[in-house]
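Note that chain A is present in both complexes that follow, paired respectively with chain B and with chain C.
Let's turn to the complex of A and B:
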């Protein structure tokens, strides 16, 4: 289809362009590959995500579904075309409102919005939702995007730059936002070095099979150009990786047996044009399918991994008090069971990256959440010393946990090593969905008791988690779940067990919350039953049992800075208002019923009882440049911005003077992985310590007191304290090996203690808390559920940037809503974004965020993590609201209309 | 692969008739480009019909509307006369895909792609639409109902192209409606779709009815018993009950992740009730 066919002339962003294009080529391909206009993104190639939206003669179209031939003679406008010299009013509005998180959906959103605004300069929210209905965003929950589009006509005043000491708490634009809105951000697929070849993988169509690869040499020889094939036999190092080294079990390419559908067995490397001509389905391989099982419903006869009999990867366990006695002698006991499904991360950017040799170093620029882990594992697989691999994280178009694991890094690394040329790989949507990790499907049971007054007396929890073919983060899920399954409630007697078990399903790994969202669904729905039995209002019941400062958790840890009570208190008024609203609506009768639900969360930030340090370096060069080496990958959540806000205030210089360096394993110290809601807290604390150390050094050099003011003027650092003033002439100071005349580097590792055999210890140093109210409407005849409002109160200890915090809440709610109502990944059947549904703008409720500040004694400036907390209460709050509205007791996610309807029937 | 852009429908039919294998018509391209990406899919010939005169027009004559094969669905909503005459057909066409797809996808493409869940087809069938088919031997007319013969299959013969959809002007006191059921708010594939067209008598009772069900069988289903149940009624509950039950009975859906058999059958009845009310209102009933 891509054989050149004459040429095609059209106008792009006002310029006449000619491209050699086969008529069936997609416009998106011509724009990106031929014209190098990488601002137009490709998320699905099937019209489902809208990331490729451009204007064709002024009308928005999916460039991926527009044959290049149809663009002939037309005027095309891309994001580059609206950017001109800088950001236009709409783009500035996106920045001002925090409408771009990871930014991968932003160009498509901007183009869809531009078409609307050209006709309707002051649109209503409904008009905006309609216009962007075909553009998916997985990060923002759409709220801020709609805000930004509605507000595009407002002329913005120049943003006031917060004074030193005022950066923390300020609603400032993200520091790395501009490239995201003007279309110049470089995501994994957007860098194409000179002479780069493309890499495609051959993947298993079977869930389980052994295989033999045939004559690849003759196969490759039939291609119209040079084609090289590499298999497991070509891997120079140890063909085994895993995010948790003792459990490492996954090959970069399978050698003789595959354990999941989509597992790679070979890579094919060639020029793009050659690859386009090859039918990869003719690759010479003979499959011998084996019996397989993808869910926990059927037990296999043989273990997937020889070392793990019964396919049991690990069991997590926490126990305190005598729970059997407690439940035997308590006033009320409620029990429940729940089943959840595989959930796909569905970031809009499929995995992509490029590798190239640079001297003796292998450079890999690809999407990731964990650059140092990528470096170490890739080096081991490729048989290289760690320092010979350099990982440069590309801007990540969403991650949510799945980009913590290696994906294409060893494949492109191998290709670059073997060919000596830059090699690029871009996963198709199907490939991304098939081969990368998912949220663990869980089958759980729980029994919880309370006394006559409603105080919790004990809880038993048991869960099986389908961890899929390889270990990935299964051990983390199995350990985190029993630690958190009590919820943020005082539970004196407790026994919780979680098993991670292998199947031939997709590998289940990290996904926002590491299993805690699944456990919270069960605990919070059973709490509603208990509240009813105890005759208490559901919020009052939770408030009665909320953990307090100084209480011990189920792990025996004494807790401080506990904010759950404050969150529930903040929700009391909204709760009663919502109940009144629902009652009033229902009084009118009809087929629609409204209901209100509430649920809470708590979540420990950082690794569970294991070290996870971050290191930050801050330095000033002789010419007065102030650099912060920030190695935490910003996957849209805002680490670049909040870590710098903290550093700015601790150092006492304006945030606008900071230059961000990194992340890059050659340039930035290790800040660990972007997971477990740890970056704002742990890397933030490292930034705080580094900035404080630098300030101390500066003050000592100038003999000034703690309250002195710093100013950086060109090559002079001016320190003033009252009337005293001192100048440091930077150029006069000696440079250190990093090129700095003044610098500090500090490491912070949370003070935790491992868990004993009863799960007792101090698993996390800092916890965050929250609670959410859902207001829903259930169609009693169709079984559909519409979430109208969510009110979310989250204790973040100290708000660093309210706009980014709200963005996390809104995005987390969107994912929680998807998990509750529509998302179910079925291997082999939902490997695209029209069979796997994620919420669109029209599915979103209106969201009110309430930020609570109960300072944590350990967190920097009192702050706590937030990224995963936000998703945990959403699904149970929605389920509790469905139950309140309709009586339907859902025990299996997602709550699809047919399940809701069946549950409504069961109540009759 | 060969790409051709003929200027006349005769040339187009010849190209298709003479092709050895794997020939496809390119209208909006929203389905074809997706297919072309799937492994093992081969197109030897693509015939782009955009340059054929008249393909992009909606022509209103004295007693018909003729919708060319190249007319994007969005254009139907911009044609006031068509919206006034066949609001249900237009609504159905406008449910296909997002705004960005609407500008390219076509009703004829939706029909010839022969997906059981195609949104526009039940509405067209309820409206009694016909397809104007060009072939080597000239043109013929066929009921839209008879075009799809199974998922991905049509009754078109080699060399035939659906050139246009022809809708009669609606009768006095008539109204049509289309409703579909999807789990997500938008951009989803119908779990059930119902198209209804009602004609009332002078007394305001249903004189004739056509009810077509989508996504509950391998092809669109004309639910004649259900339609019969409404005749003579003013949509009293009893008539609606019989009609809904007949819709459920006529449905033969499959179990899939979007809904169970039982659920889809039931929803067919529920949606039919709601669509009937809309059509009745539009026909001026009360």
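Let's turn to the complex of A and C:
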């Protein structure tokens, strides 16, 4: 068989399909691009993530590693093929268990699981882990995925729809879940408008260089089709962006000098088939590499940015009391130092999106966590008025902070403006890892003192945070760290300083916790030393120092609704049980040692002392449709569901009657960015206020009391209160400009106060609290660590949806475990998912979540944020458990086996 | 792009004789090496040749066809000497990789961390190479000439891996160390095959992977263990003897000194596991 070119025939999901595909083409490309079966996802093109798993004659394979020619003789089954007319039993089990968060890995998980279930209908957890070990998930921590697969044989009853007033607290399926499990969800790479062209970027192979671009016209002319090249010179607006406007310093494309590897210098736009034929490495550019430094170990000669001497972006500072005196006169002082690595967000969806002109408006449908920020920055770069840019967030296949920053939006926007056609861009895995933000590497020292009874007397913290080439969220990290470095403990004397410093490393930005996870590692590990010096049990020591209602934080803020003591109290029994288990195991001797560790967290929800409002609109149309305009991007965490749960109970109508609109900058008011654990609290409060306002309006129109019951029947809204009843005929009411006959729109902005020169003020209106216990086993000869159990108690104020809350905890623990044990991004070395390791299904501990409800006076219905909190205690709890087990004092992450073994030997 | 998918070996060898072809089997290493949407270059896909797939008996041993996958190894009925290879097969990448990836391809990629190599070294495996004009058989240790380098000539195809009956004896074990459970590249690995006679090691074959440019046997240690009681074998492993033939590197997965420590311990544990298994069956 000799097939230079031609068409191939495939049997996909039982149907015969023909595609003009080269025989060596990846099956994933054939399915998505040629057959338009976008349910199969591509995360790495290297067999490292398994998102593209399909069945080939019933066996699971990575479609990205399968030549089209080989697939053409086989039966191919994709996620679309198992869905049939609706969700099958496995897919329903995924919904019932909350096994899909962002949904990007879901098709791959479902296919891998389908292959297992065909042979083994009632698998054990271990069998499930073996079957899905090749599919990476970054959101869920795998626990609920394994639950769902084990439970796939259970016939599910129809889900009970919570009554009005019962939505908050109910374990309901996510409202946007179905498309994620049947493969119809539209992620950034899944929408291909008619006539779309592709965009690819030319990127720097150097960490620092100046460059000159050669004759691009002649270069483009050699291509087999029309090719257009655009550079910084083509940018019509201001070629500078940044998430925090006063620090904006990043070009959409570098003009003459690059400051990090992977920085874009040009885009190439053409038909997909033409681009596929072009060798982008032949692009005419001359590089002049410059001296570079990517870590804080080397001091540079010159600043990366002229306006920032010593490469210092910003210093964050908080001080209270006389800490030097406190530490000089206290019974016990412990100190420590710690170094962490660059950590990659490693969402399974590389950045992708499409831009197209629609009249005089530029539409951009791409992955994002911050649609309005995208709109404003893209408009400025492209020289457009803000209202002429429309951002339609695609489903985000994971974000965790990195999709807060612009990535491809200005590039595809420019291409669409210049060509007048839809232009699509899909980052390769390497491109995504090279060019987008990371967690800040930190080098930190701390000294903490306590009195003879174990009460904390003072703490000094100092940290350098490698903020990489551009500002991004570096200022936020530098400010958040000193505010939070005390942990949720009463610390009367305190001085904390955090510096964000530039290097030629990847830009460090937002990553779940904004630097607080790094600081917590140092504080919580030093706390174990102090507990030992004070002769106290480690949990008891933390409980003794836990912040109480009415205490003042290190910023001088009087705190209310403080739940850390309740979290620690809830862990007391599990703690002693875990200690007993470890002691019993260790008594048997052997090369393995078990240990138990604990660590706490606190975290302020929302921007630090700066406005960050959210606005929610709820409206009823003349035909009785109840819409909620929900502008908070749901990147898997569940904003679509929990915000609607809150609105439903506040309005008094069943959640099932709500239709979700948005997010879309043309359709939804601004709900700010999905970051800082702010959406459930801030957008949730806006939803509460809007729903309450709408209810007040309805009650006033019908002259009914507060306890009246609402029912929406077709075009009639029925209000009953006892025996009284009133009908509102919706079609009879006048429509407002939004098309509603009844509506309300409310904005909520947290009441905060900016910090003074000593970091004193009210940086956040609401804080969440938590503590976690890790139980680990350390191989004393190989230095390997297995985390067996995590017990996590988190105070969320009020549980809106326990299933989604558990999902956040399990996912946060997975990321914390990865950070503790395996994750280290090395520029130029780990730009793929086989050298950069994230936890697989087989690396996860058993997790017990304990949800604590200490109501917050400010949070809607008493609730607090949770998204970032969950990651903070995990790494320090694991490190404290490693030390308890083995004596090993880890001072650098990740705790890879060779580092753990060296630390064990250092104790001897 | 030219893409050939012949159905018999002679046709494949004829195509290969023209030169310049990339041989494609499981493709689990070929696609990750490119960012293109299709395999670059003229491709010779050998997976439609039935004669190349599967494990069969020859007159004096075993023949593992060139396109035999890791899943084929897991499900094959093989003597206990091959247990090491089966253990390696279950730990290669993921189920998806095991379904597509081939044992021979693992040898041809010749990564220092190739999981098949230590196992097949302990089995004294040989590699059958055919061209349009000749057939030759090389010991695996001579087939692998360096990291990502083999003795395969441009016109040659690896058609099979051969294991003689004389080496398919005894029991074997394999241990791999990585920083996570699935989808992991080894920091170090050890394969051990022992022939036991009444509790005494009659013959030992030991190999270490990911600690030198090419995985290597440990002949000195093998000699020391020969004649020893199986129960004392693990305790007899001295780190210096393990270290001598190794030239480990420092990289992001582990430092060189750690690799030697780990290799030593993996050997001890493999020997202990075999001793424990022997006690259980005794």
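Here is the rule we use: the second predicted complex is superposed on the first by the 904 of 908 C-alpha atoms of A that agree within 3 Å, B and C clash if a C-alpha of one lies under 4 Å from a C-alpha of the other, contacts with A are read in each partner's own complex, and residues count from 1 in each chain.
What we mean here is this: a contact is a pair of C-beta atoms (placed from the backbone, for glycine too) under 8 Å apart; a residue touches a chain by one contact, two chains touch by 3 or more.
The model shown is predicted, which means the values in this text are computed figures rather than measured ones.
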Touched partner set for A:88, first chain B, second chain C, both or neither: neither
Contacts of A:782 with chain B and chain C, given as first, second, both or neither: both
Chain B versus chain C as contact partner of A:53, first or second or both or neither: both
Partner chain in contact with A:281 - chain B first, chain C second, else both or neither: first
Chain B versus chain C as contact partner of A:625, first or second or both or neither: neither
First (chain B), second (chain C), both or neither touched by A:839: both
Touching both chain B and chain C, residues of chain A: 1, 3, 5, 22-24, 26, 45-48, 50, 53, 56, 59-62, 64-67, 69-70, 112, 115, 130-131, 133-135, 428, 781-784, 821-822, 824, 826, 829-830, 834-835, 837, 839-840, 842-843, 896-898, 901-902
Complex contact set, residues of chain C against chain A: 1-7, 24, 26-28, 31-32, 35-40, 43, 45, 47-48, 71, 93-97, 99-100, 177, 179-185, 187, 252-255, 258, 261-262, 265-266
Contact set on chain A toward chain B in their complex: 1, 3, 5, 22-24, 26, 45-48, 50, 53, 56, 59-62, 64-67, 69-70, 112, 115, 130-131, 133-135, 279-281, 428, 781-784, 821-822, 824, 826, 829-830, 834-835, 837, 839-840, 842-843, 896-898, 901-902
List of chain B residues in touch with chain A within their complex: 1, 3, 5, 26, 29-30, 33-34, 36-37, 39-40, 43, 46, 48, 50, 97-101, 103-104, 181, 183-189, 191, 257-260, 262-264, 266-267, 270
Residues of chain A touching chain C in the complex: 1-5, 22-26, 29, 33, 45-48, 50, 53, 56, 59-62, 64-70, 112, 115, 129-131, 133-136, 276, 428, 430, 781-784, 821-822, 824, 826, 829-830, 832, 834-835, 837, 839-843, 896-898, 901-902
